[in-house]
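Look for chain A in each of the two complexes below; its partner is chain B in the first and chain C in the second.
Take a look at the complex of A and B:
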């Protein structure tokens, strides 16, 4: 049996990795309330941006910087062309973004082929940690997740833009009446969420198989993490990711991956009932 | 390339046929005889495009070769490809349309077990042969079902003893939670027990898991010397990448069930080395048959084309269909069944015999391992008979 501290480190790694993926969703879904089923495909685009950058000889770091930029721009276009027009119809947003997801996936198949690709990590070695070699790239992803979490918290809590976004979320009418450009704020927050998805895709690419279906596997746990998060901000999402990602990792370590997924799903159902109950009481 | 030449040839054949048999049914001079339609229900979108494309390469080469030799009993073969979107329901819809509207002689495909099992009742009702050419768990039986790839015993019978002999007798089984890995592991357990080895752990995972660290730690802690691995597709690639990163691959040897050339290049240079599999075709083989086959595929599809056993088995399915119909001497669905039963076809790897009762193939197998960026033959295992599970 591996040591408990090693299992905890693995769990922390999975939780932080999931946070990185869920941070974009925390903005678009947690705050704006847009059910963006193309989030996984935005992540996919981030990974393929990195792949294209590697192929063009630009290297990992340039790819990591390009991914959020390109995917953020695409997110902006998505907001202006699709999401904005369906603002009052959440169910249609769901369908429309799913359609966008299909288009992105098949475009990737057409451009890069259906086969899986590999992206080498920028630092290939391992670091001696807790008596075992721990892959350096995993530590890098964990560090990046913490950095993104910090920046997101700072943006939302300590900047005028963050204040404006939070104000719009809290009371749209009042925010608009106070002279805030709510539509522009929507677009900004959505683009930012997309950019975070692109960043997550590029950062996790060296850990997984990069193929046209990779977005799907990230979508469900990320939504779960945001759903069980007690609040839409960075800290809440971090907690949600900790519960879902860390929980799954630990249950998988002591039971099996099948039990782990069931346990996380059960946890989500229980938490969601409580959250929904709380919201219901508040609305009354 | 030579469509015009081929058409001219077919035209010439038709004219000679007319000249030789002036009492034959009147047909406009020089017109082609009606094509023999063969359906192909394969995934060209929805996740398993890679396998759909591999299958298509084999089918198209077989069709081109049959037509270049004058077709089936003088009629050209026409392939009707349908995209099943990697979905069982779509597979059934496409199959019914091919059977009823297009009146195909047979259908090749699909890839997944779920799509195949969904299609079989439709095929039986339509009395149309299904030519399935993907390795699977066994048990797909019936008058109208023919399987041209391997079942568990063919892949495992020599692989497990080899790994036990050369790598160690403690095995760990890890795979996806569905029927193929379950049947593979059940068969492997019998083999390992027979060899006096032990299964130190066995577990299954749902699809879509992106983080395998907990499982990798557990496998490592089990002290197993061999990992029998049956997690196909992207998840399998993710697992191997993470197992490599976390140092598991230095501690044991992977028997990667269902591995083929289609996976090569997915692990990165120098990664995913020394993994073992038993396959009915190895593209890097130096033998004349496989080398020539790969050259024929690449001449049509490009120099860099990946050629896996799926290309060969789908080529085999259509080639066998043509031989079967020629043997019986008439072109209809029952003739396909009659002709295929007990037929022996010359494949690039040697003779392949289709079981008269079980409709599964006895074919040459090869023990292979990943080495550099290739899959290379370790040992030619000779013909292996299937335990098809047809009772």
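Take a look at the complex of A and C:
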């Protein structure tokens, strides 16, 4: 029985952690349609911000607060300098953000070295849950993911900014004609998505080995989660993250990690076929 | 670009064919290696520039070709004799079959549009490299070494492709044939259909073109070319390893093609040779800074020269107006 609870807790933790990573993508990609392949590297920057803050003696909580701020600002710069200029060329956005990812990764290698680092969790020890002891920091990350999900849903559904963003997504021309500053909204939403990536990177840093190659390991499942999500909002992303993160975690418990990846890829292809088919039918 | 200009291509191939009279052997060996990479670059330029499928796993087919050549050359395949010549055939057939299978799954799934396609090809590249590392049959992370060289049975004697000169000439012949063949495919009516699908799949479908079929054909043809490049690459090195399949090489080839010019296989080939030459000259000096420079180069080219360095030049030579 304890193994079953552990399995379920792990799957839930994986899904919520993935949601934290994917929430920023849900904003930039799910809503704005900007394919940011540097999202994983923004996350990497969040983790290294935390690392640098700890080294500077600022501690975990200061690092956790600094990471979204710094990465959000960088995201703003990225939008203004690169993404905005490629609006009409979506394939080139892919390529340019892939180049940005390469640049960030190699800058981190130059500054911090290629080796992996570990960050101690702020709260050690474990909590008894469903009859098994579970690491307290994992629970913290899960709670943070739920909080971010709630805030994101509130922002999109209950604020003027959220209404403006949804309006821009629904009909860009009409939104602009109604007096919405669509370009400023683009930049705001992109910076917000980047800040969420920074937060996710800093929050998950104590759970993983922090190394310059970690970005891709987060980017791909997060993108799959957003791709298979039935809608771009917080709830849809949560469902996508649950399918991809929870699914991979459950399969990995019984088979090798490569098999788990293959299984998730197969699941994503099947779901994509369904999503694509449904979208086509809706458009007709 | 709708048509590959013929004259620059012929001039280039003639110049390269005359090069052995002037160049030292080490340079020929180097160029033979770059031409194998050039085959990979041409395959990506075709599927991306003409077909609009920006594939992040093109090296997967290059690596599959290299591994097929290695397995056949070492006689590791059941029921088949150890033969490098057979290996070269398999280096084309295995990636073609693989692309057909993946293509039926992915291209046919109507996901061949920007984001989903990019992410799925990225995932495929990562998984392929991990599978190769985990597979004892493929030699694990050490790969397979000690491959026998290709041998050409000439009248009177067999010529082994070990020395720089015959290797260079063989690669040159293959690369030229592939480039001219792709130029024909681009100029042919089916090439126009492929570009129509790239520009607007829905309108193309209304005109009676099957977008899935056109894309599948481009994807498969590109995989065959990449596999041939991989087989010839393995034949020169006598060694294959998982990085040949992986994201690292797939990213490198993206840079070559973006720098050279995605619209034209010839421009992409020149991009591969140019970037590899610069890497040979500066890579030692820059050390770990080289990937950083490569990233910055890709970013600048995408922002400032979307047609690539040689692509723009060739378009001007062909008299095409700037977009």
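Just so we're on the same page, the second predicted complex is superposed on the first by the 278 of 284 C-alpha atoms of A that agree within 3 Å, B and C clash if a C-alpha of one lies under 4 Å from a C-alpha of the other, contacts with A are read in each partner's own complex, and residues count from 1 in each chain.
In this section, a contact is a pair of C-beta atoms (placed from the backbone, for glycine too) under 8 Å apart; a residue touches a chain by one contact, two chains touch by 3 or more.
Predicted, not measured: the structure shown is a model, and the values here were computed from it.
Peer 1: Will chain C clash with chain B on chain A after the two structures are superposed, or do they fit?
Peer 2: clash
Peer 1: Check the residue A:54 against both partner chains and state whether it touches chain B (first), chain C (second), both, or neither.
Peer 2: neither
Peer 1: Just to be sure I read the superposition right, which of the two partners does A:41 touch: chain B = first, chain C = second, or both, or neither?
Peer 2: neither
Peer 1: For A:89, using the defined touch cut-off, is the partner it touches chain B, chain C, both, or neither? Pick first, second, both or neither.
Peer 2: After superposition on chain A, A:89 lies in contact with chain C alone.
Peer 1: So, does A:258 touch the first partner chain B, the second partner chain C, both, or neither?
Peer 2: In the superposition, A:258 touches chain B and chain C alike.
Peer 1: One more residue to check, A:186. First (chain B), second (chain C), both or neither?
Peer 2: neither
Peer 1: So, A:109: does it touch chain B (first), chain C (second), both, or neither?
Peer 2: both
Peer 1: Have a look at where A:98 lands relative to chain B and chain C in the superposition and call it first, second, both or neither.
Peer 2: A:98 contacts chain C only, not chain B.
Peer 1: Quick one: is A:17 in contact with chain B, with chain C, with both, or with neither? Answer first, second, both or neither.
Peer 2: first
Peer 1: Which of the two partners, first being chain B and second being chain C, lies in contact with A:220: first, second, both, or neither?
Peer 2: In the superposition, A:220 touches chain B and chain C alike.
Peer 1: Show me the chain A residues, by the header's touch rule, that chain B contacts in one structure and chain C contacts in the other.
Peer 2: Common interface on chain A, chain B vs chain C: 106, 109, 114, 216, 220, 256-258, 261.
Peer 1: Would you mind writing out the residues of chain A in touch with chain B in their complex?
Peer 2: Residues 1-2, 6-7, 10, 13-14, 17, 106, 109, 113-120, 126, 132-133, 135, 137-138, 204, 207-209, 211-214, 216-218, 220-221, 245, 248-250, 252-253, 256-258, 260-261.
Peer 1: Along chain A, where are the residues that touch chain C in the complex?
Peer 2: Within the complex, chain A touches chain C at residues 29, 35, 37, 82, 85-86, 89-92, 94-96, 98-103, 105-107, 109-110, 114, 216, 219-220, 223-224, 227, 256-258, 261-262, 265, 268-269, 272-273, 276-277, 280.
Peer 1: Write out the stretch or stretches of chain C touching chain A in their complex.
Peer 2: 52, 54, 56, 105-106, 109-111, 114-116, 118-120, 122-124, 126-127, 130-131, 134, 247, 251, 254, 258, 288-289, 291-292, 294-296, 298-299, 302-303, 306
Peer 1: Looking at the complex, which residues from chain B come into contact with chain A?
Peer 2: Interface residues on the chain B side: 45, 47-50, 53, 177, 203-206, 208-211, 213-215, 217-218, 220-221, 234-238, 241-242, 245-247, 262-263, 265-269, 271, 306.
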